[in-house]
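Pasting the structures here.
The two complexes that follow have chain A in common; it is paired with chain B in the first and with chain C in the second.
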Partner chain A sequence: MRHIRLFWLLTTFSLKKTLMNPMSIVILLVGKFLRFGMFFLFVWYLMTYTKVLSGFTPNQVLLFYLTFMIVDTFAQFMFREVSRFKRLLVSGEFDSILLKPHHPFLRILVGGMDIVDLVLLCLYVGLAVYFISQLTSVSFVHILLYMALLMNAFVIVASIHIAILSLGILMTEVENSIMIYRDVTRLGMFPIDMYQKLLQFILTFVLPVGIMITVPVKGLLNVLDPSWYWISLFCALALLLSSNLFWRFSLKYYQSWGG
Partner chain B sequence: MKKYSALFHSFISQYFVYRSHIILWRLRQILSFLLMHYFWSAVYLRRQELFGYTQSEMITYILLIFVFSNSIFSSKTFEIAEEIIRGDIMNKLLKPISYFSYLVTRELADKTVTLAFTFVEILILSLLLKPEFSPPVNTTAVVLSLLQLVIGLGISFFISVSLSFLAFWSSNIWAPRFMYLIVASVLAGNYFPLDMLPRLLYIGIILTPFPYLMYLPARMYITGIPEEYWYHLIISMFWLVATYLIAQKMWRKGMKEYSFFGK
Partner chain C sequence: MIEVTDLIKTYRSPIKFRNPIKRIILRSYVHHEALKGLSFRIDTNEIVGLVGPNGAGKTSLMKILSGILYPTSGMVRVLNKIPFSKEPQFLKQIAFIMGHKNQLMWELPVSDTLRLNKEIYEIPDRKYNKVCGELIDLLDASDFIDRPVKTLSLGQRMRAELIAALIHSPKVLFLDEPMIGLDIFAQSQIISFLKEYNKHFQATILLSSHHMPDIQKLAKRIIVIQNGSILYDGSLQHMITSDSQLKTLTVVLSKKINVKNLQLPPNASVNYRYPLLTIKVEKKLIEKVLHSLLKQIEYVDMTIENETLDDILARKLNAK
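Moving on, here comes the complex of A and B:
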């Protein structure tokens, strides 16, 4: 309960900080809407000509794209504070966070939720709901499975961000790690079936973009082998466990950098 | 000239101080290229031509965009804003060198390093992916395409410099730059050739400065000189002059109003 109260307090602070520059929020939102809108329209326009991409119909391809946007935006909404971690490290401020009587993740992982991304997240979820309603062969069970697999993807996203924080402690390098993560995730914008076999394997088992984005949509479309549900769950749990172990390991090597 | 040559070498040396940063930065560029390469390969899986482009022409297009975007969007001009906000620009202005020449030297060093990496990456990617490239239509197309790219580089430089000059009046300069990067990357043809779009939309976009940054040079290389080339040249020259005048006006006005304490 105490942690929830603290989380709420940090979120309120973050919101107030964001609202200090209303003009920037407007520009940021318009820019993000524009980028999404242009690319979305382009994919839709292209698919009306090509009719099929790696065996998927236009609406299905758009669902892959929307699922990618949901996962990507969720990461930015929840874990925006990770990108500010380097500043805490090099200034020595991280020392004071470690000394506080709460888990440091409360501050450095989820302590700076980005309200701008929440607005965009609602838009993407709304569009995904619309496109799912347009599919004829989807049952309620498949929708539930899609949501469960999305939750699974969020666990993977959280694990990756914990690993980035741990790497930040060891290398004081955070921004590039986040951008690399985001660029690799972009490879999941479309079904990973369109890549070569080796790249498909890497994007499934080494960098689990396929499990984060392609698997949930395939589950929804009922074209997924049931074993993938267990593989996805196992991957998420293994990543969560290993990233927490990596965090503990990196903390042992932490030494104050500034202050 | 000697001092600018020394500056040029100094800027290039700065890049190799943070080697891991370079590796991660280049890895990101390669990933972007791979995404577009596989996407278009999948689109062309069961067809020879789409929107007037064959598969080899499209692969050549995304390769050219990879090179051009690395030269257009790789820029150190955003640092001007930081220099203005922190007051560091004072030190630069007091030095016995032209500040504008200093900026151009920094840009040239930046683009030299970026292009050197880009060409090595293209060589490696070509060996790995073995894509089929489309040769240029003729030498004139290549020459005019390069000329158009130089105009594009000028336009992007002056826009980027103007965005940094906003720091004379506001410390909140990241939002307009973010907006510029988003708009420019879409309307410059970073993801797809613009002539794939519906005619009316295409005509509207062609009046903006963005297609002249990457799309037109790439298209001219692949499909040759378009019939309406003079029209494009006039619009691009207009934007080059306009963005230059805007940058110059902002600089003069900014310099008159600028003050800083503590340096």
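Moving on, here comes the complex of A and C:
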């Protein structure tokens, strides 16, 4: 309960800081809308010509794209503070976070929610709801499964960000790790079935982009083998556990820079 | 209260090969021992000064005592807890103030950081209002408490930092160069505040500073660290009286003199610029010099001073 109260207080302060510069919000929003709109149109245009991609219809492909956008924007909305972690590390401000009687993730992982991304997230969810409603063969159970698998994807995203923070402590490197994560997840904009088998395997078990994006949509479309539910749950839990162990390990080697 | 036995802290840093490929593939490290088997004990309500040159290990020691850093080996207990386990009950009883870093939210008013700390430390409304009011009064901070941190002067920011760090009434305070960059007014305000805080809350304070007068004003005991080892641990007054080897005699003359004609011990150091005559002599010779000098000069004022703590420390550190 106390952690939830603290989380809301930190979110309020983060919003307060964001609203101090309203012009930058407008520019950022316009930029993000344009980028999304252009790519959305590109996919739409592409699909009107190809008709089917790896066995999926245009609407279904757009669902993959929207699911990717939801997962990606959720990561930016929830874990924006991770990209500021290097500054905290090199200035030594991370020390004062470690001294507080709460879990440091409250500050360095979810302590700076980005309200701009919430606006976009709502848009993507709205569009996803629209495209799901256009599907004829989707039952309520499949929608629930899709949501459960999305939750699973959010756990994987959180674990990856915890690993990035841990790596930051050991290497003082955060931005490039985030860029690599984002570049890799972009491979999941479309169903990973369109790639070669080896890449599919890598994108499922090494870099779990497939489990984060392709699996939930396939679950929704009822084209997923039931064993994948367990595989994805196991993957998420294993990643969460190992990233937390990695975090504890990195803290032991924290050198506290900045004097 | 604070117990340290055989504390060792080793840092490792990667060896930088010129060849970047080698640097990645043959990643090897050089180890540097920052603390070499320290042992000491600090009791409740003590104020202890931690002194030593840059890189001696003072900050590393305080960071281990507060639980920020993990010790390589040895035993550390603060308030009967192991600091690195970061138990909330332990963290609620300590504060670490670093003069060159801040915990305040830069863009927001100081009062927002205080509100956040109130929630973090789970301070009840009544206690928060009382302690906050007392600290604001003691540090004369009512004028700037609602102003964004980025608009404050260094002195104001340090005072705000103190309020934010002490809002939960910690029992142990680690202060690392808290007066850095402050003017003498702000310094004396903070020194009186710390004395008052120590008295009022029976707090234990470990203070590191390069500014010896601050240490002298606050601490009765000092720990001198050099190259990660303790050089001296004991009474500050004892160190000044026992280690002070020189006395400085300053005379304001009423009449010009020829220094060459003064009869002084051969190792006395003399500095003369009329009307000031300064003579540094060994402690044991001061009486003899004074007796002889009074016969040779005419003066309007005269003072005899011990060596400063800075001088004593500099000699002690250089001798090692």
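Note that in this section the second predicted complex is superposed on the first by the 258 of 259 C-alpha atoms of A that agree within 3 Å, B and C clash if a C-alpha of one lies under 4 Å from a C-alpha of the other, contacts with A are read in each partner's own complex, and residues count from 1 in each chain.
Just so we're on the same page, a residue touches a chain if its C-beta (ideal position, glycine included) is under 8 Å from a C-beta of that chain, and two chains touch if they have at least 3 such contacts.
Just so it is clear, the structure is predicted and the values come from calculations on it, not from any experiment.
Enquirer: Just chain B (first), just chain C (second), both, or neither: which does A:S91 touch?
Expert: A:S91 sits against chain C, while chain B stays out of touch.
Enquirer: Let me test your reading of the model: by the given contact rule, A:S137 touches which partner, first (chain B), second (chain C), both or neither?
Expert: After superposition on chain A, A:S137 lies in contact with neither partner.
Enquirer: Once chain A of both complexes is superposed, is A:T48 in touch with chain B (first), chain C (second), both, or neither?
Expert: Touch partners of A:T48: none, neither chain B nor chain C.
Enquirer: A:S227 contacts which: chain B (first), chain C (second), both, neither?
Expert: Neither partner.
Enquirer: Output check: A:H102 vs chain B and chain C. Expected answer is one of first, second, both, neither. What do you get?
Expert: second
Enquirer: More residues of chain A are touched by which partner: chain B or chain C?
Expert: So, of the two partners, B touches more residues of chain A.
Enquirer: Under the stated touch criterion, which partner chain does A:K252 make contact with: chain B (first), chain C (second), both, or neither?
Expert: Touch status of A:K252: second partner only.
Enquirer: Touching A:V184, do we find chain B (first), chain C (second), both, or neither?
Expert: First partner only.
Enquirer: So which bits of chain A does chain B touch that chain C touches too?
Expert: Common interface on chain A, chain B vs chain C: nothing in common.
Enquirer: How about chain A: which of its residues touch chain C in the complex?
Expert: Where chain A meets chain C, its residues are 2, 5-6, 9-10, 13, 16-17, 20, 91-93, 95-96, 98-102, 251-256, 258-259.
Enquirer: Quick check: in the complex, which residue numbers of chain C touch chain A?
Expert: 11-12, 59, 63, 66-70, 86, 88-89, 91-92, 94-96, 98, 100-103, 105, 107-108, 112, 115-116, 119-122
Enquirer: Note which residues of chain B are touching chain A in the complex, please.
Expert: It is residues 20-21, 24-25, 27-28, 31-32, 34-35, 38-39, 41-43, 45-47, 50-51, 172, 174-176, 178-179, 182-183, 185-186, 191-192, 196-198 of chain B that touch chain A.
Enquirer: Report the residues of chain A in contact with chain B in the complex, numbered from low to high.
Expert: Answer in residue numbers: 21, 23-24, 27-28, 30-32, 34-35, 38-39, 42, 45-46, 49-50, 52-54, 171, 173, 176-177, 179-180, 183-184, 186-187, 189-190, 194-196, 199.
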